[in-house]
Amino acid sequence: MNAHSFDPVAAVLLIPIGSAILLALLPGYRLTARLNVVASLATFLSAISLFVIERPQPGPYVLVDDLNIVFIVLNTFVGFTTSIFSASYIAHELETGRLTPVYLRFYHAMYQTMMFGMNLAFVSNNIGLMWVAVEIATLTTVLMVGIYRTHAALEAAWKYFILGSVGIAFALFGTILVYMAARPVVGEGQDGMVWTVLIQHAANFDPALLNVAFIFLFLGYGTKVGLAPLHAWLPDAHAEGPTPISAVLSGLLLNVALYALLRFKILLAANPGALAPGPLMVTIGLISVVFAAFMLYRRRDIKRLFAYSSIEHMGIIIFAFGMGGPLANFAGLLHMVMHSLTKSAIFYAVGHISQVKGTQRISRIRGLTVTHPALGWGLVTGVIAIAGLPPLGIFMSEFLVVSSTFARQPLLAIVLVFGLLLAFGALTLRLTSVAFGAPRGSAAPTQASYVPMFAHLSLVLIAGIYLPAPFVVWFQHVAQLLG
Amino acid sequence: MSAVDLQMACVGGLLGLAVLAIVLSRSKAATAVIYGATLAVSAIALIGSMRSLLGDPANVTVLALPVGLPWIGAHFRLDALASFFLIVVNLGGAAASLYGLGYGHHEATPHRVLPFFPAFLAGMNLVVLADDAFSYLLCWEFMSLASWALVMAHHREAGNAKAGYIYLVMASFGTLALLLAFGLLAGPAGDYGFAGIRAAPHTPHAAALVLILMLLGAGSKAGLVPLHVWLPLAHPAAPSHVSALMSGVMTKVAIYGFIRVVFDLLGQPAWWASVVVLFLGGITAVMGILYAMMEKDLKRLLAYSTIENVGIIFASLGLALAFQANGLKLLAALAFTAALFHVLNHSFFKSLLFFGAGAVLTATGERDMDKLGGLIHRMPLTSFVFLVACVAISALPPFNGFVSEWLIFQAVLQSPELPQWALKIMVPAVGALLALAVALAAACFVKAYGVAFLGRPRSVAAETAGEVDRYSLAAMFILSALCLLAGILPGLVIDALAPITTEILGGRMPIQANEAWLSIAPIAESRSSYNGLLVMVFITISASLAVYFIHRFASRALRRGPAWGCGFSDPTPAAQYSGGSFAQPIRRVFGTLVFHARDHVEMPPPGDIRPARLRIELHDLIWEGMYAPIAGAIGISSDRLNRLQFLTIRQYLSLVFATLVSLLLVLAIWS
Amino acid sequence: MQMHSLYFDVSHTLAGGLVLISFMMLYQDRLYSLLNVFALHALVLALSVAWQAFIQNAPHLYVTAAIALIFKAIVIPVALHRIVKQLGIHRDIESAVGIGPTMLAGMGLVALSMVLMLRVTAEADPLAREDLAFALSVVLLGLLVMVTRRNAVSQVVGFMSLENGLVLAATGAKGMPLVVEISVAFSILIAFIVIGIFLFRIRERFDSVDVSALDDYRGERR
Amino acid sequence: MVVISDILVQGVQMLLVLLLAPLLTGFVRKIKARLVRRKGASVFQPYRDLLRLLRKGVVLADNASWLFRVTPYVTFAAIWVAAALVPTFATGLLFNWTADLIAIVALLGSARFFLALAGMDVGTSFGGIGSSREVMIAALAEPAMLLIVFCMALVAGSTQLSTVANFMASSYVGLRVSLGMAVIALIMVALAENARIPVDNPATHLELTMVHEAMVLEYSGRHLAMIEFGAFLKLLLYISLIACVFLPWKIAVSGTGPLAYAIGAAAYVIKLAVAGFFLALFETATAKMRVFRVPQFLGAALMLGLLGTLLLFVSRSF
């Protein structure tokens, strides 16, 4: 097919859903796993093609602009790498019999459905459609969290489900309110939900109504972002589900909700009368950072540990966007991308580690750099990156956030720095005990696939030292959009 | 190829070596290859930086790379100050590599050392070269990270993991402080280039805040009391040549950061700023050496003495600030030169001392001085150079340590020129503190040398020790020669430092090369002058005269016999004075106040054959008073918060509900 | 105009009726009666949706009304009745907070939503304003039920009434697209929950309160 | 020509201190003996002691290292150089410019450093006692000494002894409370540094009370002679230091001809005699204090020095 008849957006949506159906039908591990990888790769490539092919005109349902293209590409990429990781991970799960072939089919189908949901959420130009898409993604992840059928897994899934549903309800109410605010201006019907239309007329909306709407949207989607005190589902969902899902949760699903929030923040920012969302986001962000930092100290389950660190980083990102301004917004975007890459890489490492050691208990894992150098040093690099140390990417974003904030709001910056230092202390404390010292637990060699992990880490490393000009221009433009 | 390009090329070479080391980490030849190559590269970098310091001082070369912060890029700049510190860094690096050529062969897990050693050197070079806030911090933290990895090289030894952890946390604390400082300097617009920062005006409040933050950031890296706690843990934990780099060089890089920001970027300082720095410096000097005096682990003793020297340097920097704030450029130049001179000297003899400690470690496997002794017989060369280093660090003529401290005292003596009364009163008091520190340092190194190298061996390891390999010896002899040279030809060093003072302070000391007979006179010969060369010549002449006459006229008879010891000879070497007993008088004088030191003697009743026991109780008040409470508070609060992990779904829902309602209430009240 | 006032009065009554019934839910202390009240709630919702369909002459809303009527007013309550029987759940509802305080809280919430909405949409048309105000209070009351009741079934009921409030708001929003789809999606969601209760045999509560039971598999306590 | 004469004068000074040092000690001992109504040895006894020691062979402990054998010469040389730098009968001698007061203190410090090391070398507990106590005393005496130096330097605007002496000799110094404090502090330090009563007892051989003697316990023969000689020189040095700074009476300025030098020399000898007499008087009048009272004693000196320095500003301020 030539470039004109080829519609990348359709591909990004259809490939996953199609392969989902296919995977639901096909038996056999090898085939399905490979197919999963191939499908994800195809999705990723078609997402890449969005750069080269001119973008489709924003229609009533579909929109591709500078903001969401970042998310789409990141989403499909991590989805692709995770599918590679999941192939080797799931193989081991089948050997140990934690997963039965039936559930395997289910797993792959759900994986692609989830990718579909997330992509749909990104490309949708209609806030109602976006809502529906986020719900699809959430429900599929709920099912996958519970896939091990252990008491803990079901507990986690159930908690996730209930809290998620309430979040859904809030988000919907907020969406309705936005429509109500829009209706007098843009008239009834379809247009009242088309984002491109909304943003044009946002200035004339009823500001007070927008305020209430934003509160509901913030809480609704914020629940999915995992901001404290709405975070409760997040740690257990990460800890009890299969590790590829933890990686996707931290790396992608949080971004989906974040993306929704950003859309509405832009909307609110476009309205002069409405309250600035900044203070709310900054406060919640700081609460999340400090709270998560404290929680990190008492974690004994390695996956839960990194789940809390995800909460912390979401807090940082929300804080950055709340501060606003070119620097902070740039930092926020960068931080989001870097966090997705790094955190998923960490979960890849953790997945293999917990498989080879047969436990997720931190206290039962020691001296990894001795027994499994690749995994151990990979984890060390990942944690160093996530803790915001150079020369890795997160350092740059944290540098920008903290320094730009300190010049404007010293006290906020000091609180933030306090949280960062606290979290740093906790993470490095666990790291030293896990990666160094006399080895503990099995030293059996792993047939792990290191490619995804080191691919992500090297990307993060490069980004920390050198950001290509196009990315920068593009980020800066998005930062402008975010106001 | 401009000077800065050369330096950057060397840095690139070092980074390449780090990668190479990873590649051939487990091969036999790795050690020789890597250390040899590092030696070569650092030697080139050393020559380059020397040329740029001694060459045309006005020639400041810059280099911008399209990396780092996108819209700013990474800037690197080589001016006089930078070149001086590059000399310190690369000299230390070269010496350590030479030493490593021999020492590295005793390394059990070379693949944990080799990749990070060149990376560490590269990091330190980069920090000195960086010319914008982002690159500066990036390289700074990279340096910390590399050194952390080296500290964790022997991660299985007890306490090393803890040391590495504390080091990493303190380093990150320092970086965040620096980050805040730069954020303030760059302003909300985010003008992170040093050039821009230098040009921009800074309000007094901002300047004050930046100074505090720099003291926190650079101070924690340099080991200012009370931020020093990580230093005596981390420095000894690393392999000895790395310890030498960390103590002798990395602390200097931290001092460079302080100078760069406070003297260069911040512009005209306020006079009270100097009070803070002076005070901290004096306290640090005395506390550091007192800790060292109480220490029995040789490498930790050296680490504590590093803290002392850092204190001395900061004190003289404080003096420079004071003079500079009052526009006394000549005197500021004097104090500043003294500080830089001491930086140089300390990098010489502290590296040398750590090399010696490393040699002892390889020969005996012991760091505990109370298990050593009598090494002067078994390791004659090592003990000779170690003696040189001890004399130098104890500030005794004709070695280099004395010259810098002499200059500092000369600067202290200029305090009457200062208009502020606080300073007039304070400076001599700080001078007294420094004098105390110097005297205690002499005592401390008498203890170190006397217990470790003299007397009778206290363990089998010490009895069977042998001399170390020739590479290590070469490194140590070169450094001790440098100690002597800098001591007898101080005028050359001072003149070499002049471009820096003119660049940073806009004033300089009088040209020393004009003084007769190579003597130095900070202000005027009538006020004070010193001639290391002549002093050494005199001592040699008179000593040899004495020897000549004695051997000419006096009896030559010499008979070996058992030690006299007032008639009763000690049965065992254990009866000798140990480190603890040697320190006892000073512990009695200072310890009760500073360490809440108590000696508990358990004397069995008469007729009981149990041995009497002496137990010494020391408290690190800074740790117990500052760090332990913080850790406790964090623990308690995380325990409290951790309950949130175990709520029921209904309770979580109520959290959500409460958030919603409160936000709605806020909105209802607000709008 | 005359007609409009009539439209207004009827929809007003129905919406107000919903709020009233939510209040009734708050002070039910028997499961069955709670379920019955909920059925009533759903019924009134169906009526109001139908009314909206009529006055907005938006036929697709009738679908929503039908869903509300059949699914929520009949199917779900019956299913829950059977679950209660099958799982042998206690007939009386243990509530975390006493009835009295709950009622007071409910009053406060209604007042809050009135204050917000009535002032907020000062210039919007009165119909929507009223609807929003009532919808918000229904949502908040439903959440209140979820928070104050310990019993799984009653929590589900609370969630469903919350969702009724959403539907009310959605239908009140004149010409809002996707209303039907949303109501369908929500019905599926609720079905999930109910099935979940049934599958996971969650008798008394959503959550096992005694942490000690959770510890071993959460690996979070010594 | 000038240089030649300068070197000549300098040499004379160096020999002079060598010759006078034992005599001074002998004189002090004699006076002390007379004060307790003993006849006492002749004032030339120290010379005889030195010669006797030189004639004897050396008994070296088995464990002694090269450091032990080098130390006597190093210490002697360091002290001698220091002594040569202090103006005795004339200021502004050729080599006075090579080192100032701080350097002199440091030279004495290095002498002590090596002596303390030698005490540790043989590995007997006595050496340990001596060295540890010696360094403890030094750790307090040196700062005190430096504060005194500050005090003088601030008055005279120089740490260069000749300049200080000339300044003091000049009329417009006046009487200053801080200088008084400085001289008292200096005397206290001098007592401590020379191991005199009340800090230490040069004559004792009771192990637990001795400091300096315990340190050099293992020395014998020519080594001991060197060390003894060094001690004599040190005493002379301190006294001439006090003399040239605080009573620079009749001290000759360089290049003022042999007559002035002669007068200066005569004055110098008289000063030594007076100082020695008072030293002896003081030592007979007071008792030795416990070792751990010494810190208070020297702490007092330190405080005096600091006080003097601070008061200097006060007195300068008006």
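Every chain is named by a letter (A, B, C and D) in the order it is written, and numbering of its residues begins at 1.
Definition applied: contacts are C-beta pairs under 8 Å (C-beta built on N, C-alpha and C of every residue); 3 or more make two chains touch, one makes a residue touch a chain.
Model, not experiment: these values are computed from the prediction.
Colleague: Please find the path from subunit A to subunit D through touching chains that uses the fewest steps, and give that number.
Modeller: When the steps are counted carefully, the minimum from subunit A to subunit D is 2.
Colleague: By mean C-alpha position, what chain is farthest away from subunit B?
Modeller: Centre of mass proxy via C-alpha means gives C as farthest from subunit B.
Colleague: I'd like the Å distance between the centres of subunit B and subunit D, where a centre is the mean of that chain's Cα atoms.
Modeller: Once rounded, the distance between the two centres reads 35 Å.
Colleague: Need the CA-centroid distance for the pair subunit A / subunit B, whole Å please.
Modeller: Roughly 44 Å, centre to centre.
Colleague: Please tell me the distance, in whole Å, between the geometric centres of subunit C and subunit D computed from their C-alpha atoms.
Modeller: Centres of subunit C and subunit D (C-alpha means) sit 99 Å apart.
Colleague: Using mean C-alpha positions as chain centres, tell me how far subunit A is from subunit C in Å, no decimals.
Modeller: Distance between chain centres, rounded to whole Å: 31 Å.
Colleague: Among all residues of subunit C, which ones touch two or more of the remaining chains?
Modeller: 116, 119-120, 143, 146, 206-208, 214, 220-221
Colleague: Give me the residue numbers in subunit B that touch at least two other chains, ranges are fine.
Modeller: Touching at least two other chains: 645, 649, 653, 660, 664, 667, 671.
Colleague: Between which chains is there touch?
Modeller: A-B, A-C, B-C, B-D
Colleague: Taking the touch rule as given, give the residues of subunit C at its contact with subunit B in the complex, in rising order.
Modeller: By the definition above, subunit C touches subunit B via 96, 109, 112-113, 115-116, 119-120, 140, 143-144, 146-147, 149-150, 155, 205-209, 211, 214, 220-221.
Colleague: Contact residues on subunit B for subunit C in the complex?
Modeller: By the definition above, subunit B touches subunit C via 645-646, 648-650, 653-654, 657, 660-661, 664-665, 667-668, 671.
Colleague: Could you list, by residue number, the parts of subunit C that touch subunit A in their complex?
Modeller: The touching residues are 116-117, 119-121, 123-124, 128, 132, 135-136, 139, 143, 146, 159, 162-163, 165-166, 169-170, 173-178, 181-182, 185, 189, 192-193, 196, 200, 202, 206-208, 214, 217-222.
Colleague: Please output the residues of subunit B touching subunit D within their complex, sorted ascending.
Modeller: Interface residues on subunit B, with respect to subunit D: 373-374, 376-377, 380, 387, 391, 394-397, 402, 406, 409-410, 412-413, 416, 421, 424-425, 428-429, 431-432, 435-436, 438-440, 442-443, 446-447, 449-451, 454-456, 517, 519, 525-531, 534-535, 538-540, 542-543, 546-547, 550, 553-566, 569-570, 573, 575-577, 581-586, 588-589.
Colleague: Which positions of subunit D touch subunit B when the two form their complex?
Modeller: Residue list for subunit D touching subunit B: 54-63, 65-67, 73-74, 76-78, 80-81, 84, 95, 97-100, 102-103, 106-107, 109-110, 112-113, 116-117, 119-129, 131-133, 135-136, 138-143, 146-147, 150, 153-154, 157-160, 163, 205, 207, 217-218, 221-222, 225-226, 291-292, 295, 302, 305-306, 309-310, 313, 316.
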